[in-house]
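Naming follows writing order (A, B, C and D), and every chain is counted from residue 1.
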């Protein structure tokens, strides 16, 4: 892995691997508003919150809405590597985007011609050492790319994963959804030797908007803010809760823009693949008190695990992006 | 399970199942100082921190030290049900009691004549519905008793377990030592239908003495306080740390004396028996967002999980006991 | 393990651990007819084909039928160590003994006063090095005895297990019923270091009576032969087959009487406890071509695996026993 | 899956997925000699007996030797999907082809430009419903192709797998090497819904040449026969055995040429992925006596399992091919 230092003025080229998904949509807004810092090389889609047909269609609708159809969308995996598919309609609604309306894309893009994993590898090899891959869905596409084209491992700048949890999971007591949905792919990514930042529930659960953030969103008075509020309202109705949805996927974008608002720790992280109750758990070891032979080798600190986030700054970054987007879109 | 209400004035009869172990020793001091509330029916020993020969011998030495050799000691399991034995000399020293001196018991007690599991069952059946079993080591003895004499399940008042963790483990990233050391026995106990209180690391890690508690111990100026300080000093030397050892096992005694100083939550707790990295994890589910079919059945809230402890009151209870013991022993 | 050489004239004392069960009943007939060679020290019962209440009652009925109520029956485990109970009413009928009638035992024997595992251990320690344990049901009782009284390991002459399969299983494609029903107990027994002979399906499937054996049974014209034929008829009706039931459990008795009619091979046998499709498989390795680190250590040939049986001699032994029984019972 | 009926005169187009490997080489000879029946569309290589660099180089050398460099070779996976790589130098020697000499390919072919999985999918989609994939190594390439291009599932005529075992394994007591080397890929293939014929050890162990076949080979007096004999001699020296190597991989070619020389049975076959001792076992169920909920659903007879082979005809087919090859090569 040869990460380049980005000279001020240069943008960081990123591929967003996503299963929209309401918080995926907000993450995409976030990304597209900061094109001064991030360069969206491609959007790759994956099954997850809903089927691959829907997540791909959703990605195209969101780009249409953002007037950014020039960003290529590559359709990816329709199912996990090994396990059966589990999806998230109970949270994200039948369409995956709540009941929130978005315009239809004019034409079917080139989404189906090249599989996401192949496209991802081509983009990476075209700009060796430069591209950051941000996964905010199951990691199937990146896993397939690594298995098909092992040479990309040396040429990816960084992988930023929204996924996993050192503490409690969300889909099960043990596991976070994106890892639970394809734990074998997560293992391929985590044990690849790539530079991986895991932005998991330990961080993203701290990113639930509160009353203050709601009001700031309302004041923005711009389509992306409005859509974000509509997602939040759908979530509350759907889940019958009185708290707001966590902004899981946007945290990965925030990390790409400004990692300094997160506290992280290098840990030995393994994916549990055989447990009866723990399938898909991201076992995080500090590499100290562990029984030899299980894990916790101090030399294997393979993942930078996000443990804390500066909430204030996170929302500041998000709203900055939304404001910039407002300027562009009008 | 038919728990009796203890009328004020009645003592709660308890069996302490233990693998002394330094914090086991402190737990035993704690128990023996509150014989106004707790009635020590028997001490049963188990392999664990050190071998069964040593833990049994240690239990006898501790009772001799406390001038309480009338409490019967029953020697228990020498190995876990299924897995290989893992022990804790690296923490508790070769003898299991640091390098702290205790008097030799005058005679070999009746420790070997009846196995702990058989003795435990006999005591329970002799006082149906009355006895609380406190396990502060691997749960092999209670598991064997339940398998041999299923009828005791209806006659145990409560099981208080020092063991498990909802958060990080200590022996591995996933598992706490007492459960890791015999996960199959833990499963037998946790899924028995018994009323189980799990006083795990989430609570006991909050029970590390600080400067204040050290000073209070020093002021007590009594053999049990002195021995406790010697254990604490051994731990710091042995582990090369600057923090004090957690008082894991004494927390279980505190719960037996006064459960109100703990906050708990009823959860569906399962022991992971097949995981590659998660063997012995106590998977704790709130029974809500889980995938159906894995666990999290809202009707299966089988364990009362300790989540918090009032530190202040915990040490108050402990020192109260030590003071009472001082009165008795002199 | 100190096996004695039995001087001609001395009988081999055996404990039969059983879950009657139709073939268990035939095994008991077989055993009781050869009291010139085998000494039935005790019958211990276990859950299995039917519940522990029924298997215990069946054992008592069978002894009454054989006019042998002096042989003590000890009631054993009602459930497997870890897994859920699976039983065999679909084969053995609701009662466990087909619809075949047996007399009621006059009095409830001492079956419930001492658990089978405890009784087994006492008998073994009373005659150190002498007793052979024959298990023809799930191995829970012997496993519990070994865990409670590890000292018996040195004092058991031999364990003869009806259970396991090197080839296809019967309860699942991978596993034979007695091992599948309590694989954890099987592991305790197989990895105990005891001298174990595994008389599994590879042998017992060769012991299905054919037309010739049916006729010989009919000719015997004695109650035990008649009952055996009634079992065989029930099996054919129940399973809607045109072949006869295998005499699984009687093979273990035949091995106790005359091991020379079997061909065996010392192998490294392990019980699969974590497989998705292979739970309870008896993995048999010849200790040669295996990947190091999995199993197949040439030094660990822990089990003598039955691979072949001389059918002719097997039935000859069985009918000899039945004839002797006829003499005794009349 | 739409398998075409091949009209007499039409050749069956096949992709051979291989890890040469000595028996792979013999399989390739076998295939190339019967181009009247089989059309070699492509050779795809995979890690296995030796590294992907070596297996790819070996495939190219073998085609050069056969004067058939027009058949494209596509380099495939260098490692299994999930597990660590295990290889077979102890059997096939450092190079993978014993110490048997073959000419160097003149130019590095296009082996590296398109990954095997991608090339495989393109060939399949170019001739929908026509192509038979024969895998005689770990199944990683086909698994990746199925995950990347799920649409090929409908367009593969048949998959013929040399791999698996209903009886004893070879790499472990439980597992055959090709499945053991990448069990997760095997599961993807076996549970894909494709028409799979499993030509496993139950059949291929019957294909060891004997004295008669050696003599016939010697009489052929042709380079391919000579090389085959050199492989056989290397095997005997290497393994210090006095029996000949089994012709595992050639059996899969024989099945492609003439399935009628094999007896098969449709079974429910699952790959064990979580077992401690049984990783990579092909669990074969007849779908009858199994416990409901484990496997053995009579409706899921997903694999045609080879149980027997007509040895005579197998070698007849092989030698016919060798003779035809002799005609071509001279």
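The working rule: contacts are C-beta pairs under 8 Å (C-beta built on N, C-alpha and C of every residue); 3 or more make two chains touch, one makes a residue touch a chain.
Nothing here was measured: the structure is a model prediction, and the numbers come from that model.
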item	value
Neighbouring chains common to chain B and chain C, by label	none
Turn needed to bring chain C onto chain D - CA fit, degrees, nearest 5	180
Chain copies touching (chain A, chain D) - same or different residues, decided at half shared	same
Chain centre separation (chain A, chain B; CA means) in Å	43
Distance from chain D to chain A - Cα centre to Cα centre, in angstrom	40
Separation of mean Cα positions, chain C and chain A [Å, integer]	58
Shared-contact residues (touching 2 or more other chains) in chain B	273-274
Interchain pairs in contact, sorted by label	A-B, A-D, B-C, C-D
Residues of chain D that touch chain A when the two form their complex	77-79, 81-82, 115, 117-118, 140, 144, 147-150, 184, 187-188, 273-274
Residues of chain A touching chain B in the complex	86, 166-168, 170-174, 180, 270, 272-279, 281, 283-286, 289-291, 294-296
